[in-house]
Every structure is written in C-alpha cells, then in structure tokens.
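The following block contains the structure, expressed as structure tokens.
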Amino acid sequence: MIRLDKVSKRYPNGHYGLVDVSLTIRRGEFLFLVGPSGAGKSSLIRLLYREEAASQGEVFVDQFKLSSLRRSQVARLRRQLGVVFQDVKLLPQRTVYQNVAFAMEAVGASTRDIRKRVPQVLELVGLSRSRDNYPHQLSGGEQQRVGIARALVNNPIYVIADEPTGNLDPETARDIVKLFVEINRRGATVIMATHAKDIVNQMQRRVVAIERGRVVRDEVRGAYGYES
Amino acid sequence: MAMNLNGVSYIVRETMRNLIRNSWMSLASVSTVAISMFVLSFFLVLTINLNHVTAVLQSQVEMKIFINRHVPRSQELALLRQARHWPDVRRIDFFTKQQAAASLKQEFPDQRDLVALISKSNPLFDGYDVYTYRPQAIPQLAERFHKESIVHTVVYEGQVVSRLDKLSNILRWVGWIVEGLLGLATLFIIVNTIRLAVFARRREVQVMKLVGATDWFIRWPFVLEGMVLGILGSLVADGLVDGGYRWLTGAAAVALPFWPLAPLHSVMSEVLMFTLIGGVLVGVLASMVALRRFLRI
Amino acid sequence: MIRLDKVSKRYPNGHYGLVDVSLTIRRGEFLFLVGPSGAGKSSLIRLLYREEAASQGEVFVDQFKLSSLRRSQVARLRRQLGVVFQDVKLLPQRTVYQNVAFAMEAVGASTRDIRKRVPQVLELVGLSRSRDNYPHQLSGGEQQRVGIARALVNNPIYVIADEPTGNLDPETARDIVKLFVEINRRGATVIMATHAKDIVNQMQRRVVAIERGRVVRDEVRGAYGYES
Amino acid sequence: MAMNLNGVSYIVRETMRNLIRNSWMSLASVSTVAISMFVLSFFLVLTINLNHVTAVLQSQVEMKIFINRHVPRSQELALLRQARHWPDVRRIDFFTKQQAAASLKQEFPDQRDLVALISKSNPLFDGYDVYTYRPQAIPQLAERFHKESIVHTVVYEGQVVSRLDKLSNILRWVGWIVEGLLGLATLFIIVNTIRLAVFARRREVQVMKLVGATDWFIRWPFVLEGMVLGILGSLVADGLVDGGYRWLTGAAAVALPFWPLAPLHSVMSEVLMFTLIGGVLVGVLASMVALRRFLRI
C-alpha cells in the first residue's frame, strides 16, 4: 500500500511541486495520474521512489516510511518498485540487453535467471531485434521501451511509469498499456502518469487528476478530463 | 559488502568493460598516474643514489697512523691483526715513508727546496691508512690507536669528515622533503584526474542508484578500476625508470667510471614498492572520494 | 525548398534508418511526418539539419547541397532552421532564458534584440514564470516547451520539430500546434514528426507516412493512419 | 573569428559563468596546474641556484704566483697594476712567504722535522693569489704570468678546476634535462586535466553546434577559460615559490651563512616568466585540442 499523508513538496528555489496531497493506493490498483504540463505528476512520482523527499507530510510505501529511511534502505525500497522515468535514464554505455540486465544484476539475480528473463522482457516490449544496440542507436520510442522493459524485468510489486508512452505511436502505446494491464491482473500495482487521453478514457480505471500541485479529482472509473 | 561469486565476476566484468569503453579517459588517467609516478620515482632514484654516494664517500674517508721508527715488524703485525676486528674498521692499508714522501712531493712539485729536503733525508714515518664504515666513529678509533705504544701519531681530516657528514645529512633531509612534497603533489594530481574521470560518468552513477543498486554494488567496479589505473600507471612509470636506469648505468660506466651508482635491483625494489603501493592506494581512495557526492541520491 | 533525392541512411552498425526516400517540401508547406516507433522519422529529420549525412542520394535545403557542405557552412545551414529535438537537448547549466538567448547569441544577435525577443517567445510557449529556472528544475513538458521556444526565437524559415508534444497534455499540445500554424501562416515551412493522431486528423494538412525507412504514403490533406 | 564588441562581451561573460558554474572542475584544474607548476618551479629554482653556486665557487678558484726573491717592490707593483686589468682577472691578493709556510705547517702539523726545517730557514717565496671570473681562463692566465721575468713559478690546481668545471657542466646539463622532462610531464598532466574537464562538458558543446553556433563561437570561451585556469594555477604556484624562497633565504641566512643563494628577484623573474607563459600556452592549447573531437558534429 502506498499512502501520502498531507504531503507538500517545496523545491529549493521556493517553487511548490505538490501542495497538501493525501492519497491512498491499495495493492493491486491501476491508477492513472493526469494533469496539465507542470501540474506535479512527476513530483509525486519522484517522492515514491525517494529521488526527492517530501518537505511536509509523510509518504509510506508498504513497510517503508520514506522520511526516516536510512541510505541502505533506499536501495531496498527501490527494488520493490519498477520505475519508468519520464526522461528514460538509460545507461549510455550499455546495450539494450545490458541496460535491462543491470537492473537484475543490481538486485543480485543469478546469471542464469538474467539470461532467461531479459530476452523475455525485451520480446514483450518488441525490442528483441535491438538487443545489442546502444541507446544512442535507438529511436526515441525504442529508448522508452527499453526503460519500460527495465522497470518490468524484476517483476516489481509496484510499477510506476511517468509518461511511458510519450514517444510511442498510438498502437505501440496501446500495446504497452495492455502489458501493464496484464501485469496488474497478475497482482502488481500500476501507477501511470500520462497525457494519453484516448487510453485513459478507454480503460475506465481510477484517475487522479492533479493541477498546480493539488489533487483536484479522484475517480474510481474516471476519464482524462472534465470536458471529454 | 558481502559478495558471492556472481558478484565478483560482475565486478571484474564491469571493470574491464568500463576501462575499455572509457578507453580515452582511462588513457588520460593512466598516463597522468604514470607521469606523476615517473617524476616521483626520478627523485626517489636521485635520493637513493645520493645516499649511496655519501655512504661510499664516507667509507672512503681515512685516518693515517704513523708507526714509531724501529718498531719490530712482529709488533706492528700484532696490532694490525687485533685492530682489524675492532668495530667500524673496514680496511687497513700499509704505506712506506717513501710513499708518504712521494705523495707530499706530488702536492708541492714547485717547492724545490722542500722536495730536495725530503729526497735527501726523509723525515717521514711508515704508516697505515685505516678505512671505516662510519665516519662518525673516527674520533674514537683515533683515540684507541693513539693509546697503543707503538703508534707515533694519528692523523685524520676531522673537519672534512664532519662537514661531509653534515652535508650528507642535509642532502638526505632535503631529498626526503622533496620526495614528500612530490608525493603529495602526485597524490593530489592523481586524485584530481580520477575525480574528473568519475565526474564525467556521474549521470551513470545516478541512474544506477535510481534503479536500486546499493552503494557498494556501484562502488566496487569504480574502486577496482581506480586500482587498475593506479597499477597500470605505476607499471608504465616503473618500466621507464628501469629502462632509464639501465641506460644510465651503462652510460655512466663509460663516461664516469669513478662514479658509484646504486645497483639496479636495490633501486628498482624501492621504486616498485613506492609506486605500486602508492598507485593502488591513490587509485582506490580517489575513486571512492570522487564517487561520494554522486552516490548521495 | 527541401528536397530528398533517393536518400538512404545506413547506420554504422548496418541498420537502415531510411531506404530510398524521395521527397520534396516546398516553401510555406505544413507537413506532418508520421509512422510507428522506429520508422525513420527522426532519421529523416537528422539528415535535414546535418547531424547525420545521407549514405546514398542527396539532400538539398534551399541553396545548400548537404553532401558537399564545408564545416563553416553547416552552422549557416542550421541557422536557417529552427529544430525541436526529440530529446530536447537543453544546455543543463543555463536557465530557461539563457537557453533561448543562446540561440540568438550564436547567430550574432544584438543584446537589445535578445532582451526584447526572448521574453516574447517564452510568453508564447507559456513559460514566462519559469525564465530563471534551470532545465532540471522543470517538468518534462516545460523542458519540451523551452526547446520549442529556442527553435522559434530566430524566426527561422524552416521549423523542424521532432515529436514536440510528446510530453505535453492535449490542451497544451493543441496550443503549440496552433503556434506552428500561425508561424506557417506568416511564411515559415513547418515539418513536424508526431504521434498525436487527434491533431493530425484535425488539421487536414499534408501527411507523409514512413514505415521501416520507406515513405509509404504522402497525402496533401491526410490523416494519421489508414484505419482512422 | 571576427568579433564585434557584442562578441567580446559574450566571451568574457561566458568564461566567467563557466568558471563559476563548473567551480568544482575549475578548482581541480587550477590546483593541478598550480601543483605541476610548483614542482616545475621548485626544480627551476634548484637549477638556478646550482648555476649560482657553481659560478660563485668557480670565481673562488685561485692561482698562486710566486715572485722571485729580492725583486724590488716597485717592479712587483708595476706588474700588479697591469695584471689587474687583464681580462678574467677578478682579484689579486698578496701573501708573504711566512704565510705560505704557516699554511704548509697547518697541513702537516705532525711532521716535526719538516716543520722545524720550514721554521728555521723558510725555503718558500712571497707571492700572490689570483682570482678569476672564468676558471677556464686559468691556463692562459698562468702562461701570461709565467712570461713575466719577475715571476718565479705559477701554481694552480689545474685538475681541481677542470673537474669542478666538468662537474658544474654536468650538473647544469642534468638540471636542464630534468627541467625539460618535468616541463613535458607538466604539459601532459595539465593537458590531460583540461581535456577531462572539457570532456565532462561534451554534450553542451554538441548542443551548441546543433543550435547553429560556429566553431569559434564555441571555442573562444573555452580558450579564455583555459587561459584563466593556466594563469590562476601559475599565480598560485608563483605565490608558493615566492613565499617558500623568502622563508628559505631567511632560514639559510641563519643556518648556512656561507651558502650563496641566488637573490629572490632574479629567481622570481625566471619562475614568473616560465610559469605564466607556460600556463597560458598550455591552458589555451589544451582547451583547443580537447574541443576538437566534440566540435566535429
């Protein structure tokens, strides 16, 4: 369970990314995070994997109370999560295969498991052919899919994706979301920040809308915006 | 920090990969380490040779014992046999009063009257040159010889010895201070270089952290890399020093045959020790220090 | 006028980004470049501003014949173009204002012109408030809009945008496209690679569709895909 | 490369901005330059002092002229007055045959007969010590004195002089070789450091190129930055050398009053020249070389 309790995020330059956000996400939920550009979606997501710390309030992820996490525990927290970063964050000097494998090596997986699992995940996101390419040899959408593959490779309990389909054509985007649905069906919690109106409207899942750092809407079977 | 076999193989693989992939940066680091170490070694070699030369020079410092006239040869030999085993005595050479006169003539060839005098009735004595290991011991040794009844006089260049001693002490101190300063400078330069190299890869480290890698998982390959860079750089420096010193000893044998150079093996063993231990330590520490800022995320 | 004459792009690893593409874009056109992820849209765009050189065939941009361009002329070519990069490419150590101003400084604009023009453009993309933020202090969509502002600041003859709305909510995306339309109306040629189906369908402009490096469709008043 | 006023102000602004923004990297570069330059200067100072000492020592090398007995004082003075203006003659000192005898007695205090002889009827002559500026000139000078009728003998320590001369030549050569090697090493290290610093900013350069900046527009701030880093590093080194040398001269005045140190101003003017010119050149060249790869886009 993820719980935000009256969380505010104030950046060092005085800007507020989040203002007084309270939110509970239960195990097994599928949640869309929507809102205009600069609303605070990424700010919220960065709190969850502890890239940033909340300025006020408290964030809980399962047993972890994020404000009082020791450094060694931060790694343990992040291993529970599969994060797709908005700016992808691939390791530029590693191939597609190595980028995905690294996430498994980091959690101490055996070489045998890695050899079996990585090709599977690359197949899922449609990148089997590109496994030996370096990130700069990939198209924008292909890079994004590597990021998705890396997030999924450890079968995380939580999948947290920050606009994972921004550089994908509608069809591939739909495939990716189908993949998330499948993973959600098998028990994982999925949190996805997105601007893909069509997909949100079609899926009829929980939608949390943020504007200027505040939660302005939280519907169990929501749509992208008020107007649509 | 606990590492299974998987972990070790991962670290080794990673290190090799990074060294090769960042070959340009590795080259810059290795060459900087090599140059720094070479400069350091150069002065280490100088210091070693300085010590060697002063040791040799000091051991050549001598004391002259003049024996009374008409002492039976057997008594002289008895003293000699004893004295050879006194501490600090290295060698004892006999000279006749003719030899003493000859060396005097050589020193004042133009003083005709003096030369004539010496040639006619040699006023000098037979005697011995005594060499020692420790020039500091000369005054006591002189005292000891003087107590023997058959010894007429003991002459030693007290001032020269003590000056040489002082000078060699000063030079040794200067050598070590220069060595120390250079060592510090080397340290600083290598640390800077490796920090810059790590700095160029800071994003990578941050991404690793965000993907859930522990600090040590990220650190190990960097530490090993720093170690390898340090060792490679040191070995290059050692190679240069070895080659250079071989050349130098060869050239010196021809040009300055009288000059006592320290032997290659003793020079190289000290140089190897300093550079390798130094290279490894510096490489490892620099990597760790450089990483610290980027692991905080 | 931009003209591609039987252009192929083969990357060093043997991969083909474009295969035998011929295409003419006249002054004043507004062209959408569409196609699935990895089709070759960015490959085509990178040829236009000469980040990459064609392996076969020839690319012409106005008087420039790109295969025989000397180094000093490359800068001159790029100044004719306003490029929005798919991966944004902001200067990380400069503020929003400085990032945009840099593009003007690079072409030798006077300080007075810069002081007047930069705030105007930032206003256009809705970033006036963020002018003193550094890129890492911006949301993904805000960064993308800085890239757009930089592309437009020199009033380029050609605006070449590679998925400029990937990280923008539909509303902001529509505003940006309106901006491009306005610029196009004033005489600039606009080339925009995009996955924004709604926008393409709504605009009814020329659409060039690429698949696996080949132009598979070129319609004067096209739609995003065949099926829609 | 043509630059209007806007351009110049842009470059200066950019340079300052980069130096401050990349303050960590600037610090690493400046300190590396400073250390390298300090080490280089240290040995430059050593070389300068070596030259100074050998010059002083050589100028103290002397030649003894013994005048025939019973030559009228006026004739002696006439020769002296002339000789004083011969080239290479630095100073001429008179000594009596009593002084000559005393110095001989001092050298052989234990040769009683010799001492007795000298004390009774001194067989030595009056004479002069002649000092020269150029020890190489001594043989000719000796020849010239010898041609004078009133001169009995000329004595000079030919061997010692030529040895000292050889030694100082060797030392001078070694000094310059060490200097040259260190200069090369310094060059290499500074180039490496600045290249690594530029390397860390390669993306920035690439983005600038893609936005339409010309090579020189990108290069100028880096070049100026390299220049500033070089100058700052050199100035730090110069400050250290200046302070250190002041301390040294102070300490030496107490501990080694006889030791002839080269004066501060002459040392510092050479050090400043070397380090500043070197720092600027290296900084500029390193920046330009480092940029080259990243401008090719």
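Read from first to last, the chains carry the letters A, B, C and D; within each, the first residue is number 1.
FYI, contacts are C-beta pairs under 8 Å (C-beta built on N, C-alpha and C of every residue); 3 or more make two chains touch, one makes a residue touch a chain.
Model, not experiment: these values are computed from the prediction.
Peer 1: From the C-alpha centres, identify the chain that is farthest from chain D.
Peer 2: A
Peer 1: On a C-alpha centroid basis, what's the spacing between chain A and chain B, in Å?
Peer 2: Inter-chain centre distance comes to 62 Å.
Peer 1: Compute the distance, rounded to whole Å, between the mean C-alpha positions of chain B and chain C.
Peer 2: Roughly 67 Å separates the two chain centres.
Peer 1: Between chain B and chain D, what is the separation of their C-alpha centroids in Å?
Peer 2: Between these chains, centre-to-centre, one finds 25 Å.
Peer 1: Suppose each chain is reduced to the average of its Cα coordinates; what separation in Å results between chain C and chain D?
Peer 2: So the centre of chain C lies 62 Å away from the centre of chain D.
Peer 1: Among the residues of chain D, which ones contact at least 2 other chains?
Peer 2: none
Peer 1: For chain A, what residues touch not just one other chain but two or more?
Peer 2: Within chain A, no residue contacts more than one other chain.
Peer 1: By the document's touch definition, which label belongs to this structure's chain graph: line, ring, star, complete, or other?
Peer 2: ring
Peer 1: Where do chains touch, given as pairs?
Peer 2: A-B, A-C, B-D, C-D
Peer 1: Give the list of chain C residues in touch with chain D in this complex.
Peer 2: The contact residues of chain C facing chain D are 49, 51, 71-72, 75, 78-79, 81, 83, 85, 89-93, 102-103, 105-108, 110-111, 150.
Peer 1: Applying the document's contact rule, which stretches of chain B touch chain A when the two form their complex?
Peer 2: Within the complex, chain B touches chain A at residues 4, 6-7, 9-10, 18, 21-22, 203-204, 207-215, 217, 297.
Peer 1: Under the definition above, what is the set of chain C residues touching chain A in their complex?
Peer 2: It is residues 11, 13, 15, 34-39, 41-43, 86-87, 133, 137-142, 145, 162-163, 166-173, 195, 197-198, 224-225 of chain C that touch chain A.
Peer 1: Quick check: in the complex, which residue numbers of chain B touch chain D?
Peer 2: So the residues of chain B touching chain D come out as 24-25, 28-29, 31-32, 35-36, 38-39, 42, 66, 104, 108, 110-114, 117-118, 123-124, 153, 155, 178, 181-182, 185, 188-189, 192-193, 195-197, 199-200.
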